[in-house]
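Take a look at the structures listed below.
You will see two complexes here that share chain A, one where it goes with chain B and one where it goes with chain C.
This part shows the complex of A and B:
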């Protein structure tokens, strides 16, 4: 029984946006991490989405169209080189006193953060509106 | 949705059983159509009968579930449950004989699925509060689903009670 239309896709999109938010948070948190598990500077991570068929639908009778959900297709690394700064006191500095910094740019991450939060908001609005639709349909039989 | 169809079917079935009372067909038909929002027309000729329906239909189960739901929502159920019981208790005496239980099983199915949704939402909220899950939106969505499907159940029940009231008013 699926009384509220569109919720399946919306729920998956909310899940996906949560993951993107997690990755953005990870990028911002590691903006100054010069050493990861392999001893290299942190590399910025990028989330990509893909759509998957959630429900074949009933195309022949025309009652419902196939439904596609969103899912995370992968979290990939951004391999552009980061800044190199002169800081000879730093424990991760090389023999010339240069430190390899992560390739995270705070300004870009903030933009990603806002995009992610707005996308989450949009999906919440879809959930609210479709719930409202179902609720209004239930008032058809009400008197006056 | 199939509920409207079932309501139509029920209109016809109630009507069918009234043929035992001569000359009442037209009045009852009009009344039932009024009570069911003018949807009784297509259901004519269904082979079901109120008494059979009410015998097969487990009234206690519906009431228990509805009561549980209401208690969870913090609604006082003492009055409501009494009304429901007396209505369902009176119905079987209205006419006799017949078979078929598709409407009863449909209604039981509705009650079961509403109950399942409510349990799922409760579980999601509990998991969230206990820290087993961090899926706020999923919990909220399942709560909304539970609330909407309960509203639907209430509306179906209201329609049933309405049509019964129409019937009982006719006898007076």
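This part shows the complex of A and C:
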């Protein structure tokens, strides 16, 4: 048993949410990038989460079911085509004057960002509660 | 007399309840951590199960019976999923549970402290 209960799962979630916020930030930052390293328009990236075992189910410690933490299962590319706009002055325009824009929609990214930051806040609150519980346990036997 | 205090029913119940709250916090923290994982099913420590175990140990009158009481983490079969990804964790509900569980923990630690305080004042006589 750890001194601070539940910290492993909370820490993994904070880590995962922060990575997701980083990726969303990258998407928003590149919303108008028409040429990446390969010369193509930027493709939106998606983060997906998965559960990994944090604690084996163990009858000895009273755990009959395993506990899970979170990890990033992968950052994948969204391959849906982006908008094509007419802008003949643009250096990346094709011979017809059309420019292929990235498939980033800022409204969708903002929603992802809000969900992510809410989840981050909630987990931070749990970390605070965990610390409070550990402190509380340490007061046992103190002279009041 | 002092031995009587450390083996008295309330003190031993309080000890076990601390274990229960600690373990429940771990389960609830894991639930909240997995709020965005598709298909995750929430875990919990069954209060009624734990209370039944405690009651049985109390009624047996055997002091050692209490030591064998262990709270168990198991999948919460009563939770229903309202989300399309099959995850049945609700963030606000989980936070509420975590807070009330932490408060319960604080209550029990204070209770134990109070027990000690009483022994201390009996020893010092003030």
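The definition used in the following text is that the second predicted complex is superposed on the first by the 135 of 144 C-alpha atoms of A that agree within 3 Å, B and C clash if a C-alpha of one lies under 4 Å from a C-alpha of the other, contacts with A are read in each partner's own complex, and residues count from 1 in each chain.
Rule of thumb we're sticking to: contacts are C-beta pairs under 8 Å (C-beta built on N, C-alpha and C of every residue); 3 or more make two chains touch, one makes a residue touch a chain.
The shown structure was predicted, so the numbers you read here are calculated from the model rather than taken from an experiment.
S.K.: For A:141, select first, second, both or neither according to whether it touches chain B, chain C, the two together, or no partner.
M.R.: In the superposition, A:141 touches chain B and chain C alike.
S.K.: Regarding the shared-chain residue A:132, is it in contact with chain B (first), chain C (second), both, or neither?
M.R.: second
S.K.: As a test of reading the superposition: which chain, chain B or chain C, is in touch with more residues of chain A?
M.R.: Comparing touch counts on chain A for chain B and chain C gives C.
S.K.: I'd like to know which partner A:93 touches here: chain B for first, chain C for second, both or neither.
M.R.: The answer is neither, since A:93 touches no partner chain.
S.K.: Is A:31 touching the first partner chain B, the second partner chain C, both, or neither of them?
M.R.: So A:31 meets neither chain B nor chain C here.
S.K.: Now for A:75: first (chain B), second (chain C), both, or neither, which partner does it touch?
M.R.: Neither partner.
S.K.: Which of the two partners, first being chain B and second being chain C, lies in contact with A:9: first, second, both, or neither?
M.R.: second
S.K.: Identify the partner contact of A:50: answer first if only chain B is touched, second if only chain C is, both if each is, neither if none is.
M.R.: Touch status of A:50: second partner only.
S.K.: Does the superposition put A:124 against chain B (first), chain C (second), both, or neither?
M.R.: In the superposition, A:124 touches chain B alone.
S.K.: Which parts of chain A are in contact with chain B and also with chain C?
M.R.: Common to the two interfaces on chain A: residues 1, 7, 10, 141.
S.K.: Quick check: in the complex, which residue numbers of chain C touch chain A?
M.R.: By the definition above, chain C touches chain A via 18-19, 21-23, 25-30, 32-38, 40, 43, 70-75, 91, 94-95, 98-99, 102, 105-106, 109, 112-113, 116-117, 120.
S.K.: Could you list, by residue number, the parts of chain A that touch chain C in their complex?
M.R.: 1, 5-7, 9-10, 12-13, 16-17, 49-51, 54-55, 61-65, 67-70, 115, 118-119, 122-123, 125-126, 129-130, 132-133, 136-137, 139-144
S.K.: Under the stated contact criterion, what part of chain B meets chain A in this complex?
M.R.: 37, 113, 117, 135, 137-138, 141, 144-145, 148-149, 151-152, 155, 158-159
S.K.: Residue numbers of chain A touching chain B in their complex, please.
M.R.: 1, 3-4, 7, 10-11, 14-15, 18, 124, 127, 131, 134-135, 138, 141
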